[in-house]
Each structure stands twice: as structure tokens, then as C-alpha cells.
Amino acid sequence: MTFFLQQVVDGLTTGSVYALIALGYSMVYGVLKLLNFAHGDIYMVGAFIGYFVLQAFGGATALVAPVAVVLIAMFAAAALGAGLLGVGIERFAYRPLRESPRIAPLITALGVSFFLENAVLLLFGSETRLYSTSSFIPFSTGVHVAGVNISLVRILVVVLAAVLMVGLRVLVERTRLGKAMRAVAFDREAAEMMGIQVDRTISATFFIGSALAGVAGVMAGLVFDQVFSLMGFIAGLKAFTAAVVGGIGNVPGAMLGGLLIGLAESFATGYISSTFQNLIVFGILIGVMLLRPNGLLGRATLQKV
Amino acid sequence: MTRPLLELDHVTLAFGGLHAVEDLSIAVGEGEIVSLIGPNGAGKTTLFNLITGVYAPTSGDIRVAGRSIAGLAPHRIAGLGVARTFQTLRLFVNMSVKENVMAATYGHTSARMWQSVLRTPKARREEREVNALAEEVLGFFSQRLMGYRWDQPAYSLSYANRRRLEIARAMATRPRVLLIDEPAAGMNPQETHEITDLIARLRDERGYTILAIEHDMHVVEGISDRVIALDHGQKIAEGSFEAVATNPLVVEAYMGRGTAVTKG
Amino acid sequence: MSTPNDAPPRIGVDEWVARSGERRDRGSGPSAAIVRALERVGWWQRLAVIAAIVALFPLLTSSDYAVRVGVNTLLLATLALGLNVVVGWTGLLDLGYVAFYGFGAYGFALLSSNQLGSSGIHLPSLLAIVIVVVAAALLGLLLGLPSRRLQGDYLAIVTLFFGQIFVETVTNVAPKVTGGPNGVVGIDPLNFFGLEVTTTRGYFYVLLIVTVVIMGALHLIDSSRTGRGWRAVREDPLAAALMTIPVNKVKLLAFSVGAAVAALAGTIFAAFQAGAYPTDFDTPFLILVYAGVILGGSGSIAGAVLGATVVSVTLELLRNPSQAATLFYGLILLTLVVRVRPWRKLGAVLAALVAFGFAVHAVIGAISASAVAGHPRSGGWVGDALGSWVVVPADPKGPGNIAFVVLILGLVALVQLKGTARTVLLVPLLYLAAFVWETRLVAEASITRQILLGAILIVMMNARPQGLLGSKRVEVL
Amino acid sequence: MNARDPRSHGRRWAAAAASATLLAFGLAACGSSSGNSGSGSQTSANAGSQTGASTGSSGGKACTAAIGIEAPITGQVAQLGGEQLHFTQFALDQYNQKNGTSFSLVQGDTQLTPAQATTVTQQFISNDKIMAIVGPAGSQEVSAIGPLASRANLAMISGSATAAALTDGGKYPTFFRVVPRDAVQAANDADYIIKTLRPKQVMIVDDQSSYSTGLAAAVEPLLKQAGIQVDHESVNQKQTDFSSVVSKITPETGVVFLPWQVATSSQQFGQNLSEQGKKAVIFATDGSYSPGQFRSPGAYVSSFAPDITAIPEDADLARQIKARYGSFGTYGPPYYASAIVAADAIDAVCRSGQTPTRANVLAQVRKTSAATSILGQPIRFDAKGDLVDAKFSIFKVGPDGRYSAVPSA
């Protein structure tokens, strides 16, 4: 039981991070039908912003402000910075290609990804930075259930992710902006004729999606400690997977996909074999995709013939 | 009526609990032109999808020249001589006009990839035949799709020409039955008139058996040997144009939805 | 290479006929003459001429390095040709493609080394290649099976898994067989009927023949029944099925052909490198192959080869800082010449730029001597020429980093601005670019290489979304 | 080639022809300019020593040559490569300044892939200024480029390729390394674990890299021979959370052996351990030796050198490097040593009045006999290219994260 619970906790934390990144992937895909491969790198930039805010407050071991204030500042700065970065990328790299075949922005996205990864490498160097979270949020400040120590950081990450996802769902379902986003996703030209400001809606989508990735970056820094220029590559790949497995373009699907991959990873390691973890996870996912060819929550779009 | 070439025998198609087509029986004789009419959502295009294998019937049987085709894959049905056009044009838009037509001969040719690479006599002969067929089929539309247009990408054709190309492409599959979905939709009166003539020529000169969906009652009147009216996936009337057009059930089906029978 | 009409094509807009005269009369001067001359001869004559020119290349250079870059380029070109079948023609987003390259390499490695059995297996190369390529074609069929059910991005993700599974498998499963992370070493060189290929030039010619044969074969397939079937499936799978094309079979065939081509490249690569290692077949390399296909123009045979060439050669040129500098300044100058019109304005900008530089250098030098104490990092005449023009502080790292960020923000602003303000901003930005290059980018040559690759991809795709040799396409979503 | 327009077809072929010609010229440029390609990056190495070059000490004329570095400067393990590059650059700058030489550094980014390492090596071979290679980083890269470098008589001096097989049987006669081979470290570590830590059970976790699997494979049988139960796990190098593996650690597991390449990952493993309240002790290898990054209290780290920050002669150097490039771990110092070996060899050739060639530099590298080095130990190579008298030290990480050497068992 203890062992099982431990795997659940691990899976949920990793899964929450994947899910938050996947949300941005999915939202952008929804409105532009673009696989934004640079999304993982926006997450990386978010993690770096969080790191520098932490340093600005004196660093992990010598914080000059209450922990809560620092955390809020880190998340806010990362969300804002990453959000603006996302908007900028859309404006300058993707917008000129909006009418082009879908494959062109795909390669542009790869270019943006190369650019961001290496620009950060140039600016901040190759060394791995550490958040050293345990210095200001000790592991002992968690919850102990059935012999499992669930640290406060993990609780914070999972809860924050859940809150953000619910918030996003409300935004998409209830607000004017959400309606505009859905309309653009459904049919851009029609939306434009209905008086929806398509450019602005797409910018807003990029902002929100990227901000979520920025928050995910800080979360990753808090839980996994390490921040480096290429951390976005593999996380982006996992998030892409999560988004597709959940049903791309679908918000709850991205959450589900992220959690599924997180849990599959921890259970594969815990119960079967750490060596073959990835093989097992990929095997499971291929199975899921073959059973549900449009993702878990994706609906098969009825083709109009 | 001559020997039926296309037969639908008590065909039902259900999506979950919803019956899109219910217990429908239709027969189209060889060389006949039959029009399908009915209000929007009556199940006309769904019926085409059933015949061409996009959907498999939930129950019942569909036969072409006596052979059951229910449940076969679409390309097999097409290979057995059932071709169609689409209401929402589905050309291979980034291929040239001629290639669109040539692509549709796939099922009637058999050169393997290695034969094409080595340009074996068989592959060359087939290629020559396919080429000739494409030119001949496009020639059917006289000046509209001739010569200089062959190398033009399909997307750059005008709307009416794209409709014509759809028919040309269907002709290249060597069909016996041609299913034409709203040939006159979006056409101006002049073009509509031309289409009416064209459909008649398709039967007279090429000997196709034609089942057409059409909203324009002038066209329906002009082309049909027989008219079948559908509503809610069921046949509500069948017979000559006059008989069907004045059938109270048909009138009600249209009027009930606020549409006049004679539009356009 | 720009087309007269830069707007994307639209359905139903019949510009084709209207522009036919324009197409015919376009261009005068030598380039148009070459175009017309080439149009007069058949495709295989053209291919032969180009192959002959490329075949001269190893004779013109004494450098093994240049020939090796040629080999790498031809490998990438072959891979791009195979991927073009799957992605460009059949429209299947296959993200596991590079696994077949790896499969070919490992397959050849195991059949031509001491890895298996007590004294190893050493098959004649031709036999080993045939076995491996056929096996890869069958494997391609197998991995293409999900394409029966999955479409678009869903297919992409499953093929991505297959690619990852390949790397994981050779790394972790049965390391005794595949050598684990250390790979298989000591692979026999290619040998044909007692003739061993051991030199870089030898491999260059083997690959050149392979590439040319594949190009020819693909050209013939493209204009055959099979090629039309592939492209019809890409355009509209449902319509294709209703036009007698067995869609699933056609898709599997495409996967299979792509896999076979990739595996063929893999076998030659393994023999050339005399080793097969898992890290050579990971996602970053896949990205390069994709970049080649799409940059060249998805769907075009010549485009795939050209795109791969551009990617490969650019990456090599960027490896060498002095060539990178030429490329950097050259591209900036070229952009200016193309984009800043009329000539008078261009002249003004350049003059202002020169004056601006000397002024800044003088002012900053007067304020602080250490701020101009450094020397431009570009060596040779470029560095000397820029010596008293561009400011280089004694410790350039911090200012260089800041300038890098400011430069990017400045470029963003530049795109937003219009008219005179734009021209005025251009001058300090160009100066800033030189500053960043001399202070930071040259010093971090390897990182700069990646940054520039990213920037080139972005700029190229924005300048020509259909790729260098691709034709404009309409996409129906 | 969709729209079969013969005209556009011809145009494309023309463009292809044009670009093929362009390619030919481009490649020719690659080849012809490789002779002076050093000039581009030359300045990057001696930028800090503009004055050094003029105070030539060896026979009036400055000893000029280039040294190539092969390291994963970008890509997934840029953390390692960056450090290797910085130390090498720093070493050469300092060397030039001290000895009045003019050695430049040419960067070769391999991203730790053999394919790129091969191309880079060929580039270095074509550049006739390059007299020696510092690197490459990975053992699989050494086996890929070994034959090429041997044919060109080009010495390669690695500071991190430790696979035992590389020096077995003299396969690569131009290969040298300033770090001990796996077998030395494995024996040393196993010995300490068996005799001093005496656990009932050990969990070995490799990170699926060439470095890691080699060490794990060497240690495992030694532990088993001593009657210790071994549980072998493996994680992907790109992974950042190890909670699931940590949760598999049983109370009987006394030691977790981590032969990992990335120190911060070991640190994360330690975090996960303490988070779950597990009592097992981490025993990490030289890949994790990084006082700034791996500081899990109570853990052990083995390293081929005493802490360079603790060697008084090195203290100043460590401070300077830190000021210039930021914190560093285990990968830099050996590259500093490698660079010095290369520089010394070339300088020795110059001093003897000869013009450096690859062959005489190689011979000189083979004769290397440095009484001391940044690694705190003499550097001499045996006939196979391995370090003579290689020693390993074991450190314990204190509660404050400081490393202190423990007496070996």
C-alpha cells in the first residue's frame, strides 16, 4: 500500500507538470492546427525566470522575504515572461505563415526551438542551476499518510496545477475570450466574419498557453531542482505526447494525457523495470492510440462527404 | 424498366439509435437516369455513402449487377463499377487536371512499382492507355477541359470546371453506375443548362446508369427517367417527375420545412 | 528564386491561364537561358549532367574533410528522398523515420562484424545490404499498419514512439547483441566482388550512384500509377478510395519504400563509419532530415536533395568561425541589398552605419578606455577591418549578452515599425549585430552555429513557405 | 512535383543544378580554407593573452600551433561539454601567457554523437595547424574516430573516456587519457563498499550511458563475489525525477551506487531519498564529483583526483575559473590537464628546435612526464595510453555539503 501510494504521488507530480505544458500545446493546436515545438522551450525559459527571481530574493538559503511571497513572485514573473515570449514568437515567427501549408510553420517552430535553447545556453552558460527547494521548503513540512511522506512542494504543485486547469476550463467555457477561442478553433474564417478579432484571440491563446508552460517550468524547478537550457526538449516531447494521447485540441484531454503518462512512468518503474520504463510507457501509449485513434477524449470528427 | 443494375434491398443504416436510412429499397435499371430528391437531411448523400462503401449498411443488401457489394471496401466497390462525384468538391486539388483523371484508373491498371521503374513494356503500354483514356475523357467536355488546361493544378480551375473535372475523374474509373451529387449546385443558369445536357449525354454516349441527387427541379425534370423522393431516410414517393412533384407527401415534406418544391 | 506572385494560391482562382504568358516570358539573361536550355532536354539528361558535375567535386579538392562533408550530404539527401515519399507525397507525418536508418546501420553492422557468434558474421556487402533493405521494407510495412487507423498528428505520435523504441531497444535490450550505448564497432568496409571500398572518395561515389539511382527511380515512380496513387491519398484519402485506389495498401507501400531507402542509407553509413552507435539515430537527427525535406520543398525530388544539401553544407560552414563570419555578414548584406530599395536609400544606410560606428567608437573610447580595449573576435581581415569601428570591451561577456537581448528586441521593434523610423532604427541595429557577433557569437562558435541554424530555418520558411523548389499548395483543412 | 508543368519542372532542375554547383564550390571552400580555418577561432583562445605572445621564450620565435577540442558543447549534455571547453580554453590562455607560446583552440562540437565526432575529426585532420586533439568526451566517440586519428598520427588526449576496452590491445595507438580507466575506479569503489560500508544489499542504478553502464558492469560482479545482494536498476539520462526508483529501495539496501554522468541528477536522487525518508547511503562516481552541485549529506563520491579546490596550488586557479565561467564539477579539471599535456608536448617540440608535426607531437605526448598536474598527481602514460599509477580518492559529503577525503580501506 505504501509502495502503491508512493507511485501515485510521484506519478501525479510529474503528470501535473506534463499536463500543464500539454495544455498550452493543445490550446495552440486548437486555434492554429500548429504543433508548436518551441513550447517546451518556453517552459524552460519559465524555469529560468523563476530561478532568477529566486536569486533576486537572496537565493534558496538566504531568502529575504516570506516564502509565500517569493513563490508568488516566481510564478507570476514566469507566467508573465513566458506568456509574452509566446506572444512574441507567434507574432514574428508564425503569423506570417498562417496561410501556408501546415508543414512550414512546423519547421519554423523547430527553428524557434533551436534558437531559444541555444540563446539561453549562450546567455546563461551550460551549467545546471539548482533551485535547492528543500532549503526553504523542507521535506518534513509535508503530509504523512500510510507511511508515505508527501512533501509540501508536491502538494503545492498538484493543487496549483489542478486550480489552473479548472480555471482554464472555466475561461474556455464561460468567458467571451473562451468563446472567441472556440470559434477561431472551429472555423477561423467564419469567426472573422462574425466580427471576432482573430489575431487578438490567437495572441491571447498563445499568452495563456505559454504562461501555463512558464508556471510548469517553475514547478519543475521546485520539484526536480535542475534547470538547464535543454530541459524543454524532452519535457516538450512528453507534453506533446500527453496532448495527443488525450485528444489534441481538447483541454481535459491534455490534463488526462499528462497524468496518464506521469502515472504510467512511475508505475512502470515501480512495478516492472526501470530499465525498460520508456519501452513500457511507449507500449502502453501505442495501445491507447490504437484503441482510441483520436485520443482518449478526442471525438472522431464525422467527415462530411 | 430494364434489368436492374443497382439494387438496394431493405437497407437500413443506424448510428446508435438514430436511423439515417430505414428499410429502403430502390432499383435502378441499366441505362436509366434516376433523380433523388428530398429536403435537406433526408438522407440522400448518406445513401450515396452507403452505396459507395463509406458506410456499411446495418442491415439489408446492396447489389450491383446482381453481385452483393454491402460491406466491401470503397475502392473495391469503385472497382466493380460504381463511381461518384461529391457535393462538396473533393478533387486532388494539388494535382494537375490530367493527373486527377489518371489517378482514378488505379484500380484498372496493374503495373507494379518495379515495372514502372524499369519501364517494362507492360508498364509503358498501360501508361499510354491511361494517358489516352484521360485525354479522351477530358475531351468529352469539349473546350472546357481541353489541351492547355491539362497541366493546370486542379485548385486553380473555376467552380464549374471543378464540377466537370469531378465527373471526368469518375468517368475514368470505368463505371457502370454513376452517382452524381448535386451537379448543378452553385452554377449559373447557363452552366446549369449545360449540365443538364451533359448528364443526358453521359447516358446516351457512354451508356452509364445514373443516379443523381439534385435540388434544382428544372434539372430534375430535364434529366430524369424516374424520380425518387426521400424523407427521414425513407422512400416517400417514386415515379415520373410529375407524379412525384405533385405527390402530397413530397409537398408536405418540403413545405413542412418551409421550402418550395420548385426552387431555382 | 522568388515567384512573381507571392500570395498563397487560392481555390478556384484561375490565375494559371492568365499567367501562362508571364511564365513563358519570364526572365532574361543567362539564368533564364540556362532554364530554357534545361527545359529542352529530358529529365534524365538533366540528372546525368548534375551527377557529372557533382562527380567532379572530389577531383577538385584535395581535402578529405570536404569529401566527407559531401558523403554526409549525400547520406542526408538519400534520407530526405525516402522521407519525401512518406511525408511529401503520401502526406503521412512519420516521426519514426530515422529508426529505419538506424535499423539499416545496425543490420549491416551485425552481418558484417565480429559482434555475433564466436567469429562473427561477415557476409558479402551486397548480400548483407539486400537482406537488410528487404527486412527494413517488411518492417516498414509492419510499422505502417497503424496508419490504417490513425491519421495526421495521431499517426505522428505513434511513429515517434516507434522511433524512440528503436533507440531504447538498441541501448538497453540485449546489450550483448547490440553493444548497448557503446554500439557495434569494427564493421567491415563495403566490398563488391572482392573490391573493397575504404576511402572517403570511394564512399562518395558509391553514395552518389545510390542517390542518383534513387532519384531516377523515384522520378519514374512519381509519374507512374503508384506515384499518382500516393499523391491522391495525400490530397484526399476518402476521394482516393472512391476512385478505386486501395488507400491502406498505398500507404503501407509508401512506408515500406521510405523504410527501404533509409535502411539502404544506413547500411552505407555503418560501413563508412565502421561503427553503429545508438545516439546517431535519435530525434535531433530526425529533425535535420525533416528540415531538409521541407526546406527543399515537400513533394519535390530535386527539392529534397537541395534541402538536404543546404542543411548539411550550412551546418558545416557554420562549424568554422571564419566561414560563419562570412556567412553572417554576407547574409546581412544580402538582405539589405534585397530589401532596402531604392539604391540611394541603401547607400545612405550603409554610409550612416559606417559613420555611426566610428562615432560610437570615439565617444565610448573617450569615456572609458577599457570599454574599447578588446579586439574583434573575428580573425583575419574582417577583424582588422572592424578594429576601430566596432566597440569591443576588455571583458565583453556581460555587455555582449545584454546587447544580444537588446538586438532581438530591436529586431522585433523593426518589424513593427514602418517608413523612416524603420530605416533610422536599422542603423543602430546593424551596428549592434556586429557588436554582438564580435563580442559573443564568435567566442561561442559551437553555440552560435546552433543559434544561426535556428534563425536560418525561421527566416527561410518565412521567406519561402513552400520550400526552395516546392510548388505552392492549397491546403483543405 | 504535383502540378506537372514542364516549365516549372525545368526551372526546378535548373535551380538544382545551380545549387549543386554552389555546393561544389561551398565544399571546395570547406576544403581549401581549412588550412587557415584556425585563424577564425584562434583569437578565442588567446584573447586573454594578447601580450603573452610577444614575450616569446623559445628561441625568439613564438611556438605556434592549434589544438582541437572535441566535446558536447551543445546538445543534451552541454553541461559536461561546456565545462570541458571552458577549462581547456582557460588552460591554453594561461599556458600561452606563461610560456610565450601561441596555441589556439579550435572548437569541435560533437553533441556526444559518434557521427559528428567523425566529421569534426576529419575537419581537424584537414586543418594542418592542428597538432593534437583534446578529447573526445565519450568512449563511443573514441572508438568511432580512433582509426581516423591513428591514420593521421593525431594524438587525442581525453579527460573523460574511461571505458576499459579502449586501451585493450592497443587498438588506438594515438589515444591517451588523463583519467583512470573504469576498472581502477570500479575496483577501488567496490573495495570501499565491501570493506568499510559493509551493506547487505546494494542497488546499482546506471543512467544508460556508455560511461555508466561500463562502470556498473565492472562493479556488479565484485560486489556479488563478496556475497552482497545486488539490485540493478537503470534510468534514462534525460529523466529528472527518481522518486519511483527510490521507492524501490528496501530497508536492507545499505548503499545505492550511482555511476552517473550528471552531478545534478545525483543531487536530485539524494533529494528524493531524503524526501521519502530512506536511509540508504549514496555512493557516486567521478561523474558526480561536483562540490557545487552534488552535496547530498552523508553521500560518498569517488574521484580520480583530490578536490582541486582543496589543493593549495590549484586554489587560485579554481577561483579564477569560477570567476570567469561560473561553478564547475568533475569534467573540467581533467580537460585542463589534457590541454596542458598537449601544449607541453608541442612546446617541447619547439624547444628542441623542430617544427611541430603531428608525428613528433604524438611522440612527445607519449613521453609525457609531468611531475605534478592540476589533478594533484604526476601524469605519465603507459604503452597503451593509460595513466600510470592512477589513483582514486573517496570523499564523504559533510552536512554542509563540503567534501572531505576518507582514508581508503
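Order of writing sets the chain letters: A, B, C and D. Residues in each chain are counted from 1.
Keep this in mind: a contact is a pair of C-beta atoms (placed from the backbone, for glycine too) under 8 Å apart; a residue touches a chain by one contact, two chains touch by 3 or more.
This one's a predicted model, so the numbers in the text were calculated from it and none came from an experiment.
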- [ ] Treat touching chains as neighbours and tell me the shortest step distance from chain A to chain C.
- [x] 1
Task: Chain nearest the global centroid, as defined over all protein CA atoms shown - done: C
TODO: Sort the other chains by how far their Cα centres are from that of chain B and give me the top one.
DONE: D
Task: Result of counting contacting C-beta pairs for C-D and A-D, higher pair - done: C-D
Task: Chain centre separation in whole Å, for chain B relative to chain A (CA means) - done: 48
TODO: Take the average of all CA coordinates in chain B, do the same for chain D, and state the distance between these two points in whole angstrom.
DONE: 70
Open item on the list: I'd like to verify one number: the distance from the centre of chain A to the centre of chain D, where each centre is the average of its C-alpha atoms, in whole angstrom.
Closed with: 34
Task: Geometric centre distance via CA averages, chain D-chain C, whole Å - done: 30
Task: Multi-chain contact residues (two or more partners), chain C - done: 172, 231, 238, 447, 450, 471, 473
Task: Residues of chain D whose C-beta touches two or more other chains - done: 2-4, 6, 73-75, 208, 234
Task: chain B residues counted as touching two or more neighbouring chains - done: 54, 86, 90, 94-95, 99, 152-153
Task: chain A-touching residues of chain C, taken from the complex the two chains share - done: 8, 87, 146, 149-151, 153-154, 156-158, 160-162, 164-165, 168-169, 172-173, 238, 283, 287, 290-291, 294-295, 298, 401, 404-405, 408, 412, 415, 440-441, 444, 447-448, 450-451, 453-458, 461-462, 465-467, 473, 475, 477
- [ ] Report the residues of chain D in contact with chain A in the complex, numbered from low to high.
- [x] 73-76, 78-79, 81-83, 205, 208, 233-236, 238, 240-241, 243-245, 247-248, 262-265, 267-268, 271, 274-277, 293, 325-328
Task: Residues of chain A that touch chain D when the two form their complex - done: 3, 6-7, 9-11, 13-14, 118, 121, 125-128, 130, 134, 139, 148-149, 151, 220, 223-226, 228-231, 233-234, 265-267, 269-270, 274-275, 277-278
Task: Residues of chain D touching chain C in the complex - done: 1-4, 6-21, 23-24, 26-34, 36-37, 39-44, 47, 50, 73-75, 85, 107-109, 111-115, 118-120, 122-123, 125-127, 139-140, 143-144, 147, 163, 165, 208-210, 212-214, 234
Open item on the list: Give the list of chain C residues in touch with chain D in this complex.
Closed with: 1, 23-24, 31, 34-36, 38-39, 43, 46, 49-50, 53-54, 56-57, 60-70, 72-73, 171-172, 175, 180-183, 185, 200, 222-223, 231, 269, 273-275, 277, 279-280, 282, 284-285, 297, 299-303, 305-306, 309-310, 313, 316-317, 319-325, 374-375, 377-380, 383, 442-443, 445-447, 449-450, 468-469, 471, 473
